[in-house]
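Quick one: the structure is below, questions incoming.
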Amino acid sequence: MQLELTEKPKSPVIIEGFPGFGLVGTIATEFLIKHLGAKQIGKIWSEDILPIAAVHDSKIVEPLGVFYDKKNNIVIIHALSAVRGMEWKISNSILELAEMLKSKEIISLEAIGTEDQEGMRTFYFTSQDSKRKQFEDCGMAPLKEGMIMGVTGALLLKKRDLVSAIFIESHVSLGDSKAAARVIEILDKYLGLKVDFKPLLKAAQEFESTLKRIIEKGQKAAVQKKRKELSYLG
Amino acid sequence: MQLELTEKPKSPVIIEGFPGFGLVGTIATEFLIKHLGAKQIGKIWSEDILPIAAVHDSKIVEPLGVFYDKKNNIVIIHALSAVRGMEWKISNSILELAEMLKSKEIISLEAIGTEDQEGMRTFYFTSQDSKRKQFEDCGMAPLKEGMIMGVTGALLLKKRDLVSAIFIESHVSLGDSKAAARVIEILDKYLGLKVDFKPLLKAAQEFESTLKRIIEKGQKAAVQKKRKELSYLG
Amino acid sequence: MQLELTEKPKSPVIIEGFPGFGLVGTIATEFLIKHLGAKQIGKIWSEDILPIAAVHDSKIVEPLGVFYDKKNNIVIIHALSAVRGMEWKISNSILELAEMLKSKEIISLEAIGTEDQEGMRTFYFTSQDSKRKQFEDCGMAPLKEGMIMGVTGALLLKKRDLVSAIFIESHVSLGDSKAAARVIEILDKYLGLKVDFKPLLKAAQEFESTLKRIIEKGQKAAVQKKRKELSYLG
Amino acid sequence: MQLELTEKPKSPVIIEGFPGFGLVGTIATEFLIKHLGAKQIGKIWSEDILPIAAVHDSKIVEPLGVFYDKKNNIVIIHALSAVRGMEWKISNSILELAEMLKSKEIISLEAIGTEDQEGMRTFYFTSQDSKRKQFEDCGMAPLKEGMIMGVTGALLLKKRDLVSAIFIESHVSLGDSKAAARVIEILDKYLGLKVDFKPLLKAAQEFESTLKRIIEKGQKAAVQKKRKELSYLG
Amino acid sequence: MQLELTEKPKSPVIIEGFPGFGLVGTIATEFLIKHLGAKQIGKIWSEDILPIAAVHDSKIVEPLGVFYDKKNNIVIIHALSAVRGMEWKISNSILELAEMLKSKEIISLEAIGTEDQEGMRTFYFTSQDSKRKQFEDCGMAPLKEGMIMGVTGALLLKKRDLVSAIFIESHVSLGDSKAAARVIEILDKYLGLKVDFKPLLKAAQEFESTLKRIIEKGQKAAVQKKRKELSYLG
């Protein structure tokens, strides 16, 4: 896993959003990047990542891109790739990034599946007592018990002092733009971003449907690929 | 597999409890840590361990934590992670710990599945004749025949002179707090810990239900994760 | 993955056609090689490739052959082998080839599966704005959203500035000579090859049926091989 | 795979008995060790072996133990572990042992499955013509055709001059003490061991039922273990 | 993969026969070795080969043996082992052998499965135009299209100039002695071996039935082995 950067902002807050449940992390970081006009300053890279190039708005989207919003001094890690089996390595790259930029906080956006059709409760995890009030003022309850998997789980096991995790309940497994919009509202409060809320849900829904279309194409292609592998020319 | 210690007590008894059957080892060591007020002095660590951060009482629990109770000079290894395929490596780390601390006894807590709904018989294994009477005085019978798997099996094959194993029958595969409480009673007798028995069973039951809740969440998450892997964004 | 060349043309356009959906890439590059009288100047090679020698016109066809048409200064990579799991490595070899020959454009021919029985729409992807008009003049629409897999996906993630990709819809999973012929028409326009169109479709159909015969033999052999593996002499 | 020895007898006959079909090799070598009062002088060892400690008569039994009977100058390799995938490595360790001790003969005890309920025919394999008569005098027929798998197969491919193999038909897949007793009779004749035959069958039956009990416990444990792996704490 | 030779004949023709479809290659080379009285001069060897010792005529048969017939200056590679996954490595060893002995021709004997119950057509492949007439005079047609797998496929991809391949149709998947006999007739013509044809078919049938018996025993053993693996002592 390699970290490539073209620019090195100083002491930014780092926000990471991996697809996870409901694609919430990906939709939310996508919105942030667009809304804040963040520009790409690098990527996390390895040949262990699947060789799949996503095209969005006629442009290639990196599987793991690193973006920067100068105004708010925020670095955003946007993931559009399966990362299973690479969680430790990716978390190492994120920690390397944090150290290189002298970042003091990594905010992980993560969805939790729920059977509850109504619920969109939000939780936080921090090991810094000083931050609890701030999170609770944003309307979140502490995560008291649970198991956190994926890159966020790896980050917490490796360097919990640095990581603030925001969890949102979602009951939609493929593309939950409402949950993503709710996460943005919380982030806005927590970081004082002054996001314009009017276009938020609509934009999130658009990202959601684009992602779904891309994924459906990908799945169709995958099915076809599978079929072809039965032949010797694949 | 790495062993990280912040403190090096001298010649402690080491107690190890891996989840095993009925989670007995984990529930029992959890109770001991709480009851004795043992504090964390290190961990056993490797990126072969699944990147899953358990949260308990709003705190991250290490997959393999090392705790110390100064009063009784006891080191407790508490495991909250699957270890399949890592048994040899973990046993090597435990033996490294024993050597570093000049420990003279590793006590393994292990449950044995039984079909017998009543039974909660206990057995011991030791290769030290001098210890047999002591174990039998605590109400245990010798394990005459059987196959011991997992980290305890690996420890016995590597360094049987150092290892005392306590086995308890359990017919509950997921969370047997009664068996865990019984193991604590035996340990109390064997080590003279003077455990306050009144809260024992109740506390063990609480740990059991907490563990179950955590596990259920973990499984739900795992199922959802599985579902997501069908897509390309996982 | 090794690149072996007997000749090093200067600044050629490189065309790559991997079997993909409908074998379109393979049929199209096969036609080009025959029609332009391109000669083999090398191969891409690795023992990770399946040890299967295809025989065509009583000659061995390389799994991954490199051909050269001097007149048009075109290098053609012709693939007759499954490449799954080798996409990054093969894309590295192609980029090595491009760098060695100082090639300024790699044209990837790729089919996209569609359910639409009629459709044979074509799309392009380029990251060079200067090329968009040229592609559109050839009758293609830009690929706005999608997921590009295989060697073409890997090439785009590694070096998008160099890669022009042509996509054609195909609903035939095994051998779509019509789509391949259409791709040739587009390439002809784009590169000004002055292909003689009369024999095009017929030739493509012949390649298609040859490939199908070869594949069917291969599959029969594979089935038989499978059966044999049940014995100890396989 | 490591060979550890505490003692190095000179020019012993080496007898190896791996569990194989009907556990014949293990039951027979177990009887020999007990009957001859052979003592453990080492082990063959690797972390590729499953971390399972068998307990028998309240003692740990090595997965691959090396025993020595001084009176008859016999080294016995006793195996109580699955060795699949390690056949070459274990055969290398046995040949290392033979060379180190300047042993001139390795006798392999091996059972062959048969559908014949009556049959308990015995066969031998040797590449030394000088030994044929001796084997035939013990009541065995030559193995004319067949396929020999496992450690014995590996030994024969590596160093056939050194290996004498004794095969016995068995129709009981799990614990055939009769076949094991018959093998001991043959070995007794061949090596002139003067085994006391009265306790033979009874002892073999006892080993058989002990082994079965141990295995059943092991399997029950395995099933339980499997069940547990569904959870995250296993 | 290692090549071990006790003798180095000069410029022999090398004949290789791997089991393949109908065991044709193995039966044919077996016949040749017996009929010509060729003696073993080496083997191709690796611990990747399954540790299975075949016994034939009370002798161990190497999985991959190298034999020499001095009179006709022919080296024969006789294979009695599954080679899947080792095709490249074995072909490298055969090419190493060819280079070491300065051999100018490797003749590959290979069967092709056919559904046609009657057919036993023969084909050849050569990249040497000078040899075509000779092959056609022996009654073979050129292989115009197809996919050649296994060691022969690997040899053709690596060093086609050196390889002459003879293909025979066979519709019997397990032991086709008629096809093997036919291959010998062709080889006899091509190499002028003056084989005595009277015993040919009968001998081939005997090899076939021996091989079948050996394989059946092997399969029975394999099934039993499989069953045993369910236990912990395997």
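The chains carry the letters A, B, C, D and E, assigned in the order they are written, with residues numbered from 1 in each.
Heads up, the rule we're going with is that a residue touches a chain if its C-beta (ideal position, glycine included) is under 8 Å from a C-beta of that chain, and two chains touch if they have at least 3 such contacts.
Since the model is a prediction, treat every value here as computed from it, not as a measurement.
Q: What shortest step count links chain A and chain D in the network of chain contacts?
A: Contact-graph shortest path, chain A to chain D, evaluates to 2.
Q: Given a C-alpha superposition of chain C onto chain D, how large is the rotation in degrees, taken in steps of 5?
A: Angle of rotation between the two copies: 145 degrees.
Q: Residue numbers at the chain A-chain B interface: does the shared fraction exceed half, giving same, or fall under half, giving different?
A: different
Q: How far is the middle of chain A from the middle of chain E, if each middle is the mean of its Cα atoms, in Å?
A: Comparing mean C-alpha positions, chain E is 58 Å from chain A.
Q: Could you give the separation in Å between the centres of chain A and chain C, each centre being the mean of its C-alpha atoms?
A: Centre-to-centre distance between chain A and chain C: 36 Å.
Q: Hey, what residues on chain E touch two or more of the other chains?
A: Residues 50, 52, 147, 215, 218, 222, 232.
Q: Please list every chain around the ring, with chain A first and chain C second.
A: Putting chain A first and chain C second, the full ring order comes out as A, C, E, D, B.
Q: Could you please specify the touching residues of chain C with respect to chain E in the complex?
A: 47, 50-60, 62-63, 210, 213-215, 217-218, 220-222, 224-225, 227-234
Q: List the residues on chain A that touch chain B in their complex, please.
A: Listed in rising order, the residues of chain A that touch chain B are 19-21, 23, 26, 50, 52, 80-84, 87-88, 91, 112-113, 125, 127, 142-154, 156-157, 160, 173-174, 211, 215, 218-219, 222.
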